[in-house]
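What follows is chain A paired twice: with chain B in the first complex and chain C in the second.
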Partner chain A sequence: MAANAKAEPLTNGKLKLMICDDSNIIRRKIERELKIDRLQVIATAANGKLAVEAFRKEPADVVTMDITMPEMDGIECVENLVKIKPDVLILIISALSDKATAIEALKKGANGFLCKPFTDRQLTEALEELLRGAGNDD
Partner chain B sequence: MGILDLGRYKGIVWAITGFLVAFIAILALNHGIAGLFADDVAGVKFLSQMRTQPAEIQANARTITERLQAGEKVDDAIEALRSSATAYDHAFIGLAGGMVSDNSGATIGVSALNDAEAKAMLADGEKVWKEYKAKLDPILRFSGSPYAAEAPAPAAPAPTGKNAAAAPAAEKPAGVQLSPRGRRLQTALVELNTFAAASQAQLSQISTKLAGQVEESSKGNAALLRGVQIGGLLAALALLGALFFYFARNLRKEEMVSSRARKETADILRTVNEGLFLLDKDLKLGSERSMALNTIFRKEDFMNLTFDSLLKDIVPEKTLKTAMDYVALLWGERVNEKLVKTINPLNEVEVHFDNPAGGFDTHYLEFDFNRVKSDGSLSHLLVTVNDVTKRVMLSRELQESQEKAQAQLDLLLRILHVEPDSLTGFLTDADVSLKMVNSILKEPAREETAFRAKIDGIYRQVHAVKGEAAALGLKTVEQRAHAFEESLSDLKGRPTLSGSDFLPLVVKLDDLFNHLAQVREMLGRLVDLHHAIAARRTSGGGQVEAAKVDQWLAGKHDQTMQMKALPTQQPQQEAEAAVGLERTLEDLAARVASSHSKQVSLKCTGLTEVPESYKRAVKDITIQLVRNAVVHGIETPDQRVKAQKSETGFLGVEFTQRGEEGFELVVQDDGRGLQLDRIKEVAVERGLITPAQAALLDPRQTMALIFRPGFSTADRVTTDAGRGAGMDLVRILVAELGGRVGLASAGGRFSKFKIWLPSPSRAVAA
Partner chain C sequence: MMTKVELETFVEGTTNYFATAANQPASVGSPYIVQEGRPTVQEFTGLISIAGKRRGIVYFTASRPMLTVMLMRMGETELTQENMCDLVGEVANTISGNARRDFGKDFMISVPTVVAGEPEKIVTPDNTRSFVIPINWRSHSAQLVVCLE
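Now for the complex of A and B:
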């Protein structure tokens, strides 16, 4: 499955970020408010299915993931992405209505959770913590 | 850690090094002294040999003498004497330098020979030996034959050895002819023998003494060696003791430090307010935990407890499952601890503890989980538990009061937006409805059917209030009415009912009453505000503003053109009230008519005459009667045309004074009149009377039915009617004032309600 996956790093040394959310507004908000130089958005996806397709073509290092989405939800999507690239870092960004669902996504391999609605500062802090946490574990 | 960084083992390493150095030093010393020992032994041996040497020399000299007497060859005997003399001489020379030779011929220094006493003795010996050597010298220098030439020595006559040699010597005792040199030799030998005999003892004694001295010194060395050995042993023991002391002290120090640390830990765990414990991978609680846990979880025994057994009795199953999933996540490597804290299901979790007095106590606990790593791998989870009940309650109270404040503000804004007439209309209607509910609640009931009827009756009232509140956007009222409705639905759903089931409804009703009072109060404050503004702006342009507020409150916000004329109107207060009620009734009639597709014309007279104390009651009564008249009395334009009436129905409200006794309020319409059959039907349907009773009722009694609680003839429940509350309320209000209600009706032509009210003074007296 990963036969046509291009795993080369970006020439500028940045980490690849994929944004997955069915809301156009949220996708744009994340893209616009991203204040981390180490990350570069390489893809955005409106549902889990599109995200998996994009990820097969070019696996990202970091993924922000909504849970409730059409076609394929965030939980199933996380499961697929981790199968393709086990060391991918996934931040679930979802409303805090159901903690059990969020925990389900984390059980499938997501690394962290950010609650909607979020400020640009909270987003930056969460992504930085995600990258830092990965550094510590290695 | 560097290899030289010995840390706490530094003391041990130093002690062992010191011990080894001391040990090597003792060994070396031992070895040295043992060497001296061997030297002394060699010296003693040498000296004892030396003691025999003078005797040997003497024996050799005697041999020469004997040979000479026997006329035998002396060369080899002289050679033997030389050899022994030389050896003795060398021994002396060596001894003078404090040196001796051992068996192998190596020279060894013997320290004991270097002291003054030994030197003196040696000097004595040397002196004797010097004389000795002088005596030896002529003998040793002798060479050739000592015998005369004519008598050559029968050189080798005795091949058979000693016996053969001895024999000729014995055979020729004096027949040996010596040469002059031979005689000199003989003389020298005699002298030597004499000297040797005299000195031998002295020389031998010197050797013996020297040997004694060496032995003495050897003994000293032996004592030294013993001393060194004992000293070394003692030093080793001392070192061992020091080591032991050092270790014991360190051990004690460490023990003290660790016991102090243990005590501090125990103090912390006993005092800290948080519940603290560790969870291992099997989710078992660790043995160390804070005392606060006992209070938080209301139990003493946490031994061998697992985390789920700690929680399972106090949280719902679903929460427990989510919590266990969450904890399992923390044990995994993937999730970032800090990024999942927000979904901790035990962050502010509601728990229930059984109360010994019955029921349970609700508390809120806050669990926090932190990974504990040792040597880079996850070893435990540190769990911190706090009882946050007070905090949660406070924040809820705060939230509630904020919501309340917000609701009041919303309500105020809403009130400002609602048309004043609609609002007052609603308040009146709602008040009527709630009074109705109250009277239904008070009605005695014993049977299930009666209870059900009560619920239905109350439900209709409350539902109507809710609908109207929603229509006006009075959210707070709507919410309360909805909560009331929910309670009613709950009661409806119960299989059996009893009187006590209705008790909670009283509370709910009270809540609604209070809230409506609040709305009314707010409205009152707005009016006060208006008056205040009006009073301040009595002169100049301010009047215009005050008038504006007047207009608004009077509900004439679209009649701005008349505004300027108003301030000139005379008895302002009176006119205002009268105009207010009249206008309310007009608007109500118009609104109800339009919603029922009817046309109506209202004529009010004498409303300005209503005494102050009756204004409220009259308003409530007239609103009720006007609405009923429009809904039930007045026909639709079609029906009216068929009945040969004008399309627009007529409605009259008249308030007149009746002498000193009291007042009369008449409300009449030219509608279809009371339909007695329909009233009977409805009364039977509503369970107010039985069909048999209905058959027995006369028209008067039938008409009286409409004043019974829960009666309404409207087919559908609408905002304006159908709740059956109106006439009952009129009856109640009139009764409260001590008045009477009269009713006249003619089918298809009119209905007329005639209400008599006593004059206020009489009413008070009554």
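Now for the complex of A and C:
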């Protein structure tokens, strides 16, 4: 396994984004409504297992992550991604709105939490806050 | 048996879903108990199994025309059968997941199961009453069915 993998930056200087959600319409919505120029989608995955596989091949800088998914859920996936690339920024996007789940995700290495359903504006604000928190706010 | 407060959680979740994700509020009616027979099942149904603190099912059922308009309102251009199945699953998943705000972490939800047609595949738990939450959105009607022990 490629522990502590280093992401190769895109030649256009953008940050690499991976979208992980078992819903095709949510993956497409996030991709379509992405209003942040500094982010470029490099991969999408329909469950945690596929996300880890894609991430090993090409680690993203930023990941949006659902929690309730088949094969491997988002919490376990977060743990795996952080082992591969500790500085990856992960925004959980989930319908699970209890505090305990949010806290567990943050403890495992996620950096932010956006509750479904969400508006385009809420998505943009959550991603901007994630980048600001990591000092990537230009 | 579900309490009025517990049912209100699902009514609020449904209201919030349509206002936020479908970009247009729905008229969400008062829940009622299914007195005889099975609850309504329309063309597409997304079903969540509930385990842990409570046991049972929650499902969202809607017609193709309604799902088509919902997808369009969400900005989706691929109005396919697959995306309609995806949408009913996502609605059921989101409303059930949001219910954990009140029910807590031990209200464990499954990944969605989707049924297109074939209402006989929707099986509610024995000896448990089903509550139907009627949803009117634009000119369409759908139902959220909550059946918890």
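Heads up, the rule we're going with is that the second predicted complex is superposed on the first by the 129 of 138 C-alpha atoms of A that agree within 3 Å, B and C clash if a C-alpha of one lies under 4 Å from a C-alpha of the other, contacts with A are read in each partner's own complex, and residues count from 1 in each chain.
Simple rule for what comes next: contacts are C-beta pairs under 8 Å (C-beta built on N, C-alpha and C of every residue); 3 or more make two chains touch, one makes a residue touch a chain.
This one's a predicted model, so the numbers in the text were calculated from it and none came from an experiment.
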- Task: Determine, under the contact definition given at the top, whether A:A95 touches first (chain B), second (chain C), both, or neither.
- Result: second
- Message: Quick check on the superposed pair: does A:L81 touch chain B, chain C, both, or neither? Answer first, second, both or neither.
- Response: neither
- Message: If we overlay the two complexes on their shared chain A, which of chain B and chain C does A:A110 touch? Say first, second, both or neither.
- Response: first
- Message: Applying the document's definition of touch, where does A:L39 land relative to chain B and chain C: first, second, both, or neither?
- Response: neither
- Message: Just checking: does A:M72 make contact with chain B only, chain C only, both, or neither of them? Give me first, second, both or neither.
- Response: neither
- Examine A:A126 and indicate which partner it touches, taking first as chain B and second as chain C; both and neither are also allowed. first
- Task: Applying the touch criterion given at the start, work out whether A:A60 contacts chain B, chain C, both or neither, answering first, second, both or neither.
- Result: neither
- Intersection of chain A residues contacting chain B with those contacting chain C? 96, 100, 115
- Note on the structure: In the complex, chain C touches chain A at residues 16-17, 20-21, 71, 74-76, 78, 82-83, 86-87, 89-90, 93-98, 100-101, 103-105, 107, 109-111
- Message: So in the complex, the part of chain B that touches chain A is made up of which residues?
- Response: 318, 321-322, 325-326, 328-329, 333-340, 342-345
- Mind listing the chain A positions that touch chain C in their complex? 22-26, 28-29, 32-33, 68-70, 94-98, 100-101, 115-119
- Query: Which residues, counting only chain A, touch chain B once they are in their complex?
  - Reply: 91, 96, 99-100, 102-104, 106-107, 109-115, 126, 129-130, 133-134, 137
